[in-house]
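Take a look at the structures below.
After this come two complexes, each holding chain A, first together with chain B and then together with chain C.
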Partner chain A sequence: MNSRWTRKDLVGLRELSAEEITLVLETADAFKQVGTREVKKVPALQGKTLINLFIEPSTRTRTSFELAAKRLSADIVNISAATSSLTKGETLKDTAKVLEANHADIIVLRHSSAGAAHFLATRVRASVINAGDGAHEHPTQGLLDLYTIREKKGTFAGLQVAIIGDILFSRVARSNIFALLKMGARVTLVGPSTLVPREFEQLGAKVSHEVDEVLPTADVVNLLRIQHERQRKEYFPGISEYIRFFGLTKERAKLLKPDCLIMHPGPINRGVEIDSELADGAQSVIFDQVTNGLAVRMAVLYLCAGIATP
Partner chain B sequence: MTKQLKPNDINSVRIFDAATTRRALRRIAHEIIERNSDLSALVLVGIPARGVALAQRLATDIEAIEKARVETGIIDVSMHRDDVRRRGTLPVVRASQLPHPLDHRIVIIVDDVLFTGRTCRAAMDAIGSFGRPVSIQLAVLIDRGHRELPIRPDYVGKNLPTARTERIRVRLEETDHEPDAVWLEKE
Partner chain C sequence: MTTLIRNGRIIDPANKRDEIADILISDGKIVSAGSEVREQRSEIEEIDASNLIVSPGLIDIHVHFREPGFGWKETIESGARAAAAGGFTTVVCMPNTSPVADSPSTIAWIKDRAAEVAGIHVLPTGAISKNLAGEELAPIGSLAQAGVVAITDDGRCIQNNELMRRAVEYARMFDLPVLDHCQDYNLVGNGVVHEGYWSTLLGLPGWPGAAEEAMVARNILLAELCDHRIHCQHISAAGSVRLLREARARGVKISGEVCPHHIALTDAAIENFDTNFKMNPPLRAQRDIDALLDGIADGTLEILASDHAPHAKFEKEVEFDAAPFGIIGLETELGLFLDLLVHRHKTIGLPRLIEMLTVNPARLLGLEGGTLSFGTPADITLIDPDLEWTVNAETFESTSRNTPFDGWKLKGRAVRTIVGGKTVWASADSLRTKHAS
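Let's look at the complex of A and B:
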């Protein structure tokens, strides 16, 4: 536990070391405990201002960051695409500069372009937390997935994690792949060849197009939503075809080990990626992921905003 | 810059060895028993890392003397500190563990060194977020003075007048894997 946090921003998990990831997860343990107190609030970020700058719509991530900030006693302002001056032609950098001129200490950015968070982080003094940039990374989702796996399985070493679905357009998949491999897990990506191209093997993951071959050995299955909004053309013939070949149906779930975790970053398309009963079943940790997301985001905000500013 | 002084350095004086540490804690255990008639209401709450070890030892001592178990807990103060962003590095945050409910309990905060009192204030704030104990008391192995807040310990292993520039170095077997000792290190 000698690792110390020195980053003002969290842009992605690709650049984090295994020690830094472990530090975030251990810090999140402490913040998860805050949720069980009579007063679920600590003064750690009192007097700090956090801006939720969501240029792309999101409810769960934005709400999670908002609650995390409030539990740390920070002040918070939400800006969505529709209400920002970006619709009037202001550039992202200028919007951020305006926020900084208003003494924002932390900017949580959700943007449809990959690299937006990195762009901003190098141009403003405030801490920038990436809440999803295009199909690039969604680091806090990756961290909360890891936190949930660690909480249920104890360790990452040798774990078989299958990530199923739309990998090509998924920032959640990328953050998970980077972090899981660093922590010693083995990752298999599963889906139609149009959404899971072989190129992903270069990251160190395995690629499979046969879900039934992967399920029996998996310790964790992470199901991803089909990202209709990012797909400009058809990548598979249709929903019923997808369910038939890749959906986690009740029949297919019989292949799973009894202690295999079922995860989903949400929002769930019940009956598409996953059968409705399975989403609410004993193996599902989908709602643990939401609870853990709050603790992980508190940890990230505390670490990034808490380091001494030069 | 902190100078890494060796224990045998000419500039450091040993205040406690393992035997005197043990005696000081034993005396504090007696004082706690004397002052608190209802031991079942007590919770010995340590501040990480060495306070947690000291709280455990006091609980063991009290049990040996009175044959009564005393509950222990952990209170992490890093989320409640008033100097976040003033320090170069953040302290590693640990999960707190306190009994629930905390109302009708007597909490004794346990730490190794009492200095400015700011850690103790943070601990009191943190305890307040768990409930409203009947009273909060403070036990420390060393009181080195230089308080910046109106805080006074209830149980003290040793009062040690120091200069602000001096350092107190506490070593415990549980946390440091070396024999118990307290050193006063001159600048």
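Let's look at the complex of A and C:
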């Protein structure tokens, strides 16, 4: 199954080919069925040790990786920022060396610095899976988004995908842009000009600040979480103005094609980037994404662990 | 002691000399080659400079020798050796040490230490503001008396325009030039690279050239207001060059310097998150490089410097945004400038290059040296402009290894560095000289 997979690590989707992305998605198909069985466990990673190294807080992604690893029968340890030696001044490099000295086979890293996964991957023999590095990439989120689109739409060719929200600071957006374009979809980024700068056009995406023009043509809308009070104060005037210009309200949702998918990587700000009822509506695949995330992460762990040399 | 440097191409821009001739050194000073010293002395050391350039000792007005306080990165001793190996006979140290060079006692310590361990001239600058905090003036007059050659808050930039105005006005009284690391902190934000295509692609926080340009514009206005010299350090952005060009044409006492990395590399180099490409100001875009080259060609930018900024491997080998800014540069500086400006881009010729590395910085800071005038101390650099060599960081004299240029093939470098008539560094090949008796 993994004859075409040659990577020890999954750092980003920018470096993957369309064939490699397809291979992950096909591998995930097989693992998705495991989740529907009475016994949700396969012995694929029996005897392997996986460390969830989460330097930046996360519940959803960490839980998904933990469940994925357990279903593959790996042994798993969770390390969070609060409990790691990094708070005592240990460098990321030394932390990684310690984990390696403890015979870790796979390190799943969540970190607030762009490039942290690349940094680690080039310094340890273990597989490094990027679970989000700063505003750089979140490859398994990108893959699960693609998996969900493929599951519902069957193909990527010619699909119009609109990603709406805080693009500048979003690793989810970047992973989606890189992978979707490779798979033949077209990507339009929508949001305030401060959070969707024109430089993104150089990545091959379209940039728009007119959400009402984009929605009628979209086959998929992927809504990203908006954070205002905490860190983005100078980027736009406030939540109510955001909703006025970019929020997916019920009124705006009428512009959507009936079969347009509504996606969100979570956690959702109900009533901000998306109307609460829409999040639970017929077009929403938000919770399919979560389920698919498990299968995709099982596939990624399985493929990368098969390459790493102990 | 008498030394004869024979048959070299003497390039001495201050004296408008460019000719094949001999240079005679007696008792540490340059004397007329035809003078009687030659006959009187029985023992003359001869240095064959055939096919070499005989230049005034090179001057770098922007280095960080990390003492006091950060000796594991670089000491005055190791920094001076690195400078000598790069062809430099005079360097000017920035004040961001620990303690900060904002008091006469720290300046005295640096000068004593340099006199003790450095084979070249290591000259201190003083801070503009106490502890580089940008809040109140350092004792600028006392620093001047203690022997600083300029004041600067390099590494930081005074954001308060009123404080900067008073600093420039006050420094004028002591004829001390003010050097400024131009950056507007609000525009820099938490940036670690140039804002553009690569920051967008990699998700690294960037800052635009405008953050530098805003402060260059501020400095132009203050230099005019105070009628005193402000020198803008390590210019990286196209707009800064345009602003400087316009102001200098009007006779404003403003100048700018260029570092090798800002013309050798674009921000594309950060693709693999290698922290040896992280410096402040950051590597920018090709259009910025083009503007810097234009500025060098037309004289808008008249000084070349390294911003030699040593950091230990353990400090640099961390996440990109956590790593300190800066790279070492003294041992690659001349090679890069020769290779890029003279050979590859043909931006300027050798005489102009040497002017930008000798008499121009000497004039800016009022330093002795920078010329081969008779009677001046024999600080001389012998340069082989066509020697092809490969950068090997492992052989560096610097304590640190944080260079992005390891493995680069360059054309041209210094082969011998002479301070006060004494060879303080020579390449292995050039040491095979005749010692006539």
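Throughout what follows, the second predicted complex is superposed on the first by the 298 of 310 C-alpha atoms of A that agree within 3 Å, B and C clash if a C-alpha of one lies under 4 Å from a C-alpha of the other, contacts with A are read in each partner's own complex, and residues count from 1 in each chain.
The definition used in the following text is that a residue touches a chain if its C-beta (ideal position, glycine included) is under 8 Å from a C-beta of that chain, and two chains touch if they have at least 3 such contacts.
Computed from a predicted model, the values in this text were never measured in an experiment.
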- Message: Once chain A of both complexes is superposed, is A:119 in touch with chain B (first), chain C (second), both, or neither?
- Response: second
- Message: One more residue to check, A:214. First (chain B), second (chain C), both or neither?
- Response: neither
- Thinking of the overlay built on chain A, is A:134 touched by chain B (first), by chain C (second), by both, or by neither? second
- Hey, what residues of chain A end up touching chain B and chain C alike? none
- Message: Please output the residues of chain B touching chain A within their complex, sorted ascending.
- Response: 76, 78-81, 84-90, 92-97, 101-102, 125-126, 128-131
- Note on the structure: Interface with chain C, chain A side, in the complex: residues 14, 91-93, 111, 113-116, 118-119, 133-137, 168-169, 171, 174, 197, 199-200, 202-203
- Message: Residue numbers of chain C touching chain A in their complex, please.
- Response: 196-197, 199-205, 272-273, 314, 317-322
- Quick one: which bits of chain A touch chain B in the complex? Just the residue numbers, please. 1, 4-5, 23, 26-27, 29-34, 37-45, 72, 299, 302-303, 305-309
